[in-house]
Every structure is written in C-alpha cells, then in structure tokens.
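So that you can tell them apart, the chains are marked A, B and C in the order they are listed, and the count of residues begins at 1 in each.
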Amino acid sequence: MAYLTRNALVRWLMQNPIWGFVLIVFIFFSLMTDHFFDLRNFQNILVQTSTIGLIALGMTLVMINGNIDLSVGATLALAAAFAVDVQGWAMFATWGSWQILPAVTLALLVGVVLGGLNGFIVWKTGVDAFIVTLGAMLGIRGLVFVYTGESSFYAMNFAYSDFSALKVGPLPVLALIFLLCTIAVHLLLSRTVHGRNSYAVGGNREAAVNAGIRVGPHMMVNFMIIGFLAALSGVLLSTQMGAATPNLGRDYELWVITAVVLGGTKLTGGKGDIIGTFGGVLAIGMLRNGMNLMQVPAFYVYVILGSILIAVLFLDKHFNRQAEGGLRL
Amino acid sequence: MLLTRLKAGGPAIARQGILVAFLLFMVAFSLMSDRFLSADNFMSVFRQSAIIGVMALGVTIVVIGGNLDLSVGSMLSFATVLVVDLHDKIGPELAIPVMILATLCLGAINGALIGFLRLNSLIVTLGMLSAIQGLVLIYSGGQNVDIVDQQGTWFSIFGRGAIMGIATPIVMFLGLALLFHVIMSSMPFGRKVYAVGGNPTASVFSGISRSRVVFTTYLISALCVSMAAIILGSRVMGSQNNVGQGYELQVLAAVILGGTSLMGGSGSISRTVLGVLMLAFIQNGLILMGQPYYMQWLVTWAIIIIAVWLDVAAKRGRLLSPIA
Amino acid sequence: MTRKEPALRLQQIVKTFPGVRALDGVDFEVLPGEVHALLGENGAGKSTLMKVLAGMYQPNEGQIYIAGEEVTMTTPLDAKNQGVVLIHQELSLVPEMTAAENIYLGELPRKSFGRVDWKTLHARCDEILSRLKCRFSSDTVVAGLSIANQQMVEIARALTVDARVVIFDEPTASLTDAEKVVLFDIINDLKAQGVGIVYISHRMDEIFTLSDRITVLRDGSYRGTLVTAETDEDEVTRLMIGRSLDLSRNIKTPELGDVVLEVRGLSCAPSFSDVSFALRAGEVVGFYGLVGAGRTELAETLFGLRRPDGGTILIDGAEVATTSPQDAIARGISLVPENRKEQGLVLTMNCRDNMTLPQVGDLTAGPFVSSGAEIAIFDQYRDRLAIKTPSWRQLVGYLSGGNQQKIVIGKWLSMQPRVLIVDEPTRGIDVGSKAEIHNLLRELAAQGYAVIVISSEMPEVLHVSDRIIAMYHGKITREFSAAEVSEDALVQAISGLGNGTAA
C-alpha cells in the first residue's frame, strides 16, 4: 500500500516535473537559510507571486487555446492607473471609501474590453495572436502614457492602500484572492464545457471545427479572461504601492510566459493545466525570495531562470523524440 | 468591391500597401509641418533610427529563416556595457573586437540551441533574454558604466562623428543594409535562408543543411547587435545596464511593419528599412505636430494590425477570417 | 435480397474544382445492413465522394437522399446529425483529451453554469465502448491509446447518434492483423444492427471478405456496381483499371548497362527489413505495394534521410554510406519525393529558384549567384520537360500539379544524377500530364539513367517499368520482369495473398 502510494506520487511528479522542482527549491532554501522556512515568509512569497501569478492563470488559458498575449503588462498598467485615478474624481468625492468601488469596477472593465478587443481582432481578421498582441502591447502602453501624461498617480484614499495589508486568518488578502482565482480558473479549465473546448481548439483545430465547436468565440472569451486577470493584477499591485506608475508591468509578459512554460503548457496549444502553472509561478517566486534571503544579488535569478527555461525545453524535446518518425530532417 | 479587388490584384496591393501608407504619411506630415521635409530633419530622423534599424536587419534575416529572436534587447545591453566598460580598461582598438566576439558567442548559443537542437526559437530566445540580462547585471555589478575621457577618444566617431558629411550611424545603417541586401538577394546563403524559412522539409530534401543555415542567421543577428552597440555606446559614451530593455519588441514591430511574415520564407531587407524609417518618421512627424512621443505607439498599433490584416486577407482572397 | 429503402442514396453527383471535374455524375447507394465497398485508383474520386457524403463538400449538381428524403448537408456536424458519420483515415482526435471528451467533442453534456456533466458523459461513453468490446475506460487520455484503440474512439463517436450510415476510409492502413479482426467484428455488428456501411479500401482481400456490393469509380465517373458474391478480383480489377488511359504494358527490352546501385540486406526498423536488389543503368524498376509497405522509407534511407539498422549500399560496386542528403546527392542519388508540396517545393519561391535549389551554391560568379547560369538551366529543362509557365518568375504555387512535378524532376535532372528515385510520380496529376511524365521516365532510362519508380497505381507500374519489385509489410515478396508479370500475381504479391510471405 505504501509502495502503491509512493508509486502514484512518483508518477504524478513525472507528469508534473515542475512540482519536483518546487520541492527541491523548497528543501534547498529551507536548509540553506534560516529565514525561508517561516510562516511570514511564506505569506510574503504568496503576495509577491500574486501579481505574475494572476496573469499566468489567464496566459495558461490563452496558450492552451493556441494563442499568446503579449499585451498583459500594458493592460496591467492601464488598469492600475484607472483604479488609482478614478477614485479621486470629483463626482465620487462624497462617497467616502465607496469611491474605490467604481474605480476598481472601471479598471477591471478596461481589462475585459482590451482583452476582448484583442480576441475580436484575432477572431475576425485571422492575424496571428502574436502580432495582434505585440501591436496591442505598444498601443496600450501608449494609452497609459496618454492617460497619465507620463506622471504617476497616488491613491489619496488610505483605505485603498491599507487593503493590501489585510489578512484573513493567517492569509494575506492578496494571497487569498490569488488562491481563489487559481481554483476558479482551474475549475473553469477542467470542469466546464468552455474549458474543455479550449483544449480541443488548441489540440486539433480542424477536429474542433468539424465537431461544430465555434473556435472564434472561445478564443475571444479567453482573451477577455486574461484581460480581466491582468487588470485585477494591476489593481492589487497598485494597492501594494498606493500608486500607479506609467511603466508598471514592463516585461511582465516575459516573466508570465516563463512561468507558464515552466509549468508544462505548450506554446502550440492543447496541453497544459493550472496545477502546472501554479507550480511554475511558485518556483519563480521561491527562487527570487530565497536568493534574496541568501543575499545573492537578484541578477543571478535571471540567469538561472533563463537556463531552466531552456533546459526544460531541451528535456521535453529529448523525451518526445519519437514524434519525428525516424526521418532526419 | 474591396473584396473583389483584393482577389484580383491581391498580392500586388499587399506588396505595395506599406509603401503607399508610407507615402501618404509623408505627404500628410509635410502638409502639416514645415520643418518635416527639411534636410536637417531627414538626417536627424535617419540618425535616430539607426540603432533599431541595424538590429532589425539581423532580426529580419532570422525571421525570413522561419524563427524569432527576442534576445536582441538584452544582447544590446550586454554588448554596450561591455564595449563601454572595456574602452577605458583595454582601449577601444581591443574593446571593439572583444565585444564583437563575446556577442557572437551569445548568438552561437542561440543558433546551436535552435539550429542544431531544433528547440522552439520563441522560448529559447525568451530564456536568453532573461539569462543575458542577468549576465549584464552580474558583469556590471548593477552599476552603470561610463567612458571617462569622452572628448579624447576616437571611439566617438561611431555615434557622434560623420563620414563625408553624413552622420556615421546613417552610414553604418545603410552600409549594413546594402551588405545584407546583397547577401539575401544575390548570394547562395540568402537563397538558402529563404528556402529554409519557406519550407524547412523541402529544403532538407533538396540537400540544404537546415541546421547550419539557421545557426548562421543567429550569428548575423548577434553581429548586427554588436554594430548597434558600437553606435549606442559611442553616442552615449556610457551605458545603463538595461539600456536595451524592450528593444526586441520595437525591432520586431519594425520588421513586421516592413511586411516580413512571421511564417518565414518571405520579406526582404529593403522592406525592413522601409518599416524602420516609417516608424521613425511617424514618431518624428507626431512630435513636430506637437504630439507627445508615445502617440507613435498608438499609431503603430493601428498600422501593424491593418498592414498585416491586408496582407493576410490578400492571401486568402477575403477580408474576414474563416475562423468559425 | 428484398429491395429495401436505401439508407443513403446519391444521384448524379457532380463536383467540380477549378479546372477539374472530380466527380462526373456519380450514383451511389447504401442499404441498411449492407457493407458497400467503394473502389478506385488514386485520383478516381473516392475521397471527393467521401467528403460529399460526410458534408465536407457540397456537390455542384445532383441529389442526396437519406431514408428516401432529399437532404442538404453543409457541415460534418450537419451530416452527423442526419445520421451519416465518417471515420477518418487521419484520425481527427484531440490527443491530450480523454476518450470520453473526444467521443462527445463539441457536444459535451452540460449542467448548470456551463459545467460538464461528467457522470452522464462517462456513463454514456462506457456503455458505447462496452458495445464495441473495448477494454479501456472512457477516461483514458487518447494520446496513450494504440492506433487501433484510437480508431475505436472514432467509431464510438459514430454511435453517439443513431448512425444510419458509417463511412470507413482505409481503416486498416495502420492496424495489425489481430486488430483488423476486431475491427471486422465491429463492422459486422453494426451491419447486424441495420447500419449501412461504406467501406473504402485498396485492399482487395479485405473487400472480398467484408463487403456485400462493390462500386467502382474511375477518373471521377461511375463504372458500375457489382455484387461481391457474384464477381471476382479479375472483374473488379478490370473495371478499376480499364484501358481508357492508354497505359499499354511496357514490353520493350531495354539495353542494360552496368549495375549502378546495389542494395544488400538493407533494414530500417520498423519500416522495412532485409531488402536486396540491384539496379542497372538504362532500366526502370518499379516498386509496387500498398501504402505503408515500406517503399517510401526505403527511398528515404537511400537518400540519407534515415539511418539504416543494417545492410550495405553499393554504388558502382563500391560501398557507400549516405548519412545525409548532401552525401546522397554527391554520390549521384536523387529523390523526387512523394509529397510534392511538403517535401518537393518551396511554395514561396519562384520556378527558377526551386529548380536550382540543390546547386545554388555552385552556380556562382564570384560570391554571387549567377542569374544567367540559373536561367540557362531553367530554360534548358523547361524546354526539355515542356514545363508550361509564363516565366521563371512565377511562384511555383500557381502552377498546375503536373508542371509542379516537372519542376521537381527538372531540379534533379539538372544535377546529372546516376540514380533517379521517383516516389508516386503522378499523384494528384491530371491524365494528360500523367502520360507525359510516364513518357519522360521511359526516355530518361533510354538515355542511360537508372530509374526507380515507386507507385501505388498498378497501370503506372506496368506501363513504365522494365522490372517490378513487389513489397508487402516491409519485405520484398516477389520480383517480376515486364514480360512475365500478370496483374493477378502482382495484386497477390502486394496484399499478402498467394505465395508471398504473408506475415
């Protein structure tokens, strides 16, 4: 029986190698530094990773669907700017702390609309998502600068910046939101018709079309979800900072893609899951946190992450070699 | 109406679309601003576009070969920091070749992983983007670097000097553009890059060493980055350790705008030069009209999507995609 | 047999594509509880007819009746809902999803909030799979199933609706003999339940074991329907091949030169093993066999694209190792590949550039490609092969199939090869160009080239070859000289019947 369960664990780790890596990193830092294995530090890690983690959930959906979204960093910045700015509008001056509500609602709506726009363009024009969202990345960043006029916004309502310090039991509220979203997206992907059809579209588009699955709407919905999550991530990040800067979220798309690919999601679509992505996000978060605690300069994290990403790709290729059918092309 | 015309003369329109849009922009801007058409303005736009331009040449060749290179931004940081830092330590005459060699090594790593091991170029160069950024920070210890004697060094000629009255960056950009244009259009190597990008399987069936060709495209890309680093380092006479951050996507935008397809096998150096200039002139024109510099990003967004859409639509003979 | 209302009836179906009349007034019907085989050469219109049946193509003319009522089917889903289901040759499954999800692809049962009703799904699927006597459970991921079991998933898909007609397209192409038996049982079960079966296959033995009637197509037109019990392979073959193509048998005795290529005991698991033959200058040797018999893999091995497990290759009597296409080309071996668009041509390039691609590195003046030398080569082979193109600047994608194939042949002829291997030289090419390419291959042999022709079309092999080597399941089963070969013996040698080495 013990043998059986151990076997199951080994098999599970074989299928989700990222969690083996998470385990190794966890043990390594627990042994190497005094401050790592500590409840407060775990809280920190969850809060630190929530920003990239939320977007990574959406990126998993989009990539399983066979697309990619490079515009998430810019969407994050625009949503953060809206959230911080709108609560200071004169029309909400008498609302007290309720002024946060329209601000956050509007910010999230902006994310959904921008995501929807990306999805709509991909659907209707048939242009590759890489190009569409590359354009959007530049354009939305332009919108951020137009809106903010190159300056930072500061939250005047202290309830807003205090939000990030709230806790529910031992869990910081930001970590809680991230975990709830993780569960929600996991259920969406694994339990709903939309989630399963997203796999089908990414895995074998022709078969999906022949089976009567409407490819375009599914892609658009997933782009709207990633837009929403990027905006949410922007709102939460701005509560942590009490401010929104125009350059917020630069290069986040690259970190997010790294986390998702580490988690085993394929760029070609059809393969991946939220459990893997969560592992990828945690791995990156623990690496950054642990190396910081060991006082290793942050630079080494970049080198290590880049190398791991390539190594994962290499191992994956190496183990799936038979696919080429022996033809040496 | 538009549909039928797309069907009839499809590829011709798509091929000229960028040129037409470019000319329209030029006319519109010159009507709206007196300074736009002046020779001074032309030269300054040209000079400013040189760094992105030189990098875009290399990336164009990689993309024609059917791959992507997202690591050029980090590589630019690496090369610039290296050449500026070594300038005061071993002198420019040694610093430049050492920097070029080191950058070529990074290109060779890309090329080996993508060309010989056949790993996905998007992810490999994404990983390299991160790794090289880390290398730069480790090398510089997180500090920015400077050249102390900024007046007395001949190194200044690349960024600040002129050759026969033309600013050196322009000469380098156009010179390299001409060189790569000749390579891509008239030499066996160029033909092989188009073949490998157009159909890798058929290329192997025709006895072309696909791996070696892809490897070489990444060496060329790295070489272009090192040239851009010479211009940048010499112009600034110093370097921040993340100076190239974000360049990879602007460069890619210029390449796509020029009409080089990410599918590989089509596109050209001359069209990339057009894409680079178009981006630069849009930026310049908007600034002359009193618009802030970031307005160009919004305009670029619209132009990229419309340009690529027309291109794709012309190939399939209808405007809207058949995606269900 | 009493006359029943046909489950599906096609009447006078015409389907045209630009420049091609793929189906020309075809009649076809399936009765409930009948296995109706559809036979024809490659390009005879089988796959077009199949796509019309499955709602993937709309016919230009003609009517479709299901259970006596006229219908139109505009999508595969449409056809499925009307009870007509196609089991694809290339499996159309989503590899990362479970069998159950694939069976109900696009129609997953729902609960509230768009949730998948897994209980209902698995209950239904397990029931269907047990009807098919499958041993795997419905929550197995499809990528982990054998090809045969993946096919069962496709068949299970057909049973989710009350299928009136199930179309099988070459279902046994990648099955083992044991798996075939299971498949045939299922087909007989379906038949017993009153489902009409359309069975498309090249394999004569299967058709005679399984079918009740046989309809033969040739060149897009209807050639007749035979009752299986009242006919034999000869009659069917005659109907299939006909004589209208003017593919007379090759009876000339060639003037043979020395042995150019000799292969001894060459093996490459799992595709072929222990293959030995010799090829002389001035002769055409045809390799005939079914798809999957190992012929293409043999050619790819000779061309350096696969690494052999054993055996030797000799050119002009000297042992050589061809480890890459560059090697093979340098030794004088050329390959015109099976799949013109994927392997033969770079569609984004023009005619001239495609033709000179293997030697572009040598056609130089200084460091530059000599456009003059390239055009000279292009002109020479355009004239010699009568390639119809407005200019060398034309992108090859715009040429007809026949002219595209001539570009590929020209590409290799201009390299002056010793051995020319041509894999399926006339696949997807119209009748006129076919004859031209056949004549060309004969001419080349007469000029002293050693030519290997791989083909799945019997008339083609008979027409162009001086010798025919039959392959079955990766082994050479028999060798015939042009004078002694008979169609019956050939069919038997490639389908594992008769005195071949049936596995």
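Operating definition for what follows: a residue touches a chain if its C-beta (ideal position, glycine included) is under 8 Å from a C-beta of that chain, and two chains touch if they have at least 3 such contacts.
Values in this document were obtained by computation on a predicted structure and should not be read as measured data.
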So, comparing C-alpha centroids, which chain is the farthest one from chain A?
C
Counting C-beta pairs in contact, which chain pair ranks first?
A-B
I'd like to verify one number: the distance from the centre of chain A to the centre of chain B, where each centre is the average of its C-alpha atoms, in whole angstrom.
29
Centre distance in Å when chain A and chain C are each reduced to the mean of their C-alpha atoms
46
Of all the residues in chain B, which ones touch at least 2 other chains?
201, 204
By residue number and range, which residues of chain C touch two or more other chains?
305, 324
For chain A, what residues touch not just one other chain but two or more?
213, 329
Which of the residues in chain B end up touching chain A in this complex?
70, 113, 117-120, 122-124, 126-138, 141-142, 200-201, 204, 210, 245-246, 249-250, 252-253, 256, 262, 292, 294-298, 300-302, 304-305, 308-309, 312-313, 316, 320-324
Within the complex, chain C is touched by chain B residues 182, 186-188, 191-192, 194-195, 197-199, 201-209, 265-266
Residues on chain C engaged by chain B in the complex (per definition of touch)
303, 305, 324-326, 328-329, 335, 337, 342-349, 353, 357-358, 360-361, 363-364, 367-369, 411
Quick one: which bits of chain C touch chain A in the complex? Just the residue numbers, please.
56, 75-77, 92-97, 101, 105-108, 110, 113-116, 118, 268, 271, 297, 300, 305-307, 324
Quick check on the complex: what are the chain A residues that touch chain B?
70, 121, 123-128, 130-132, 134-143, 145-146, 149-150, 209, 213-216, 219, 250-251, 254, 257-258, 261, 267, 297-310, 313-314, 317, 329
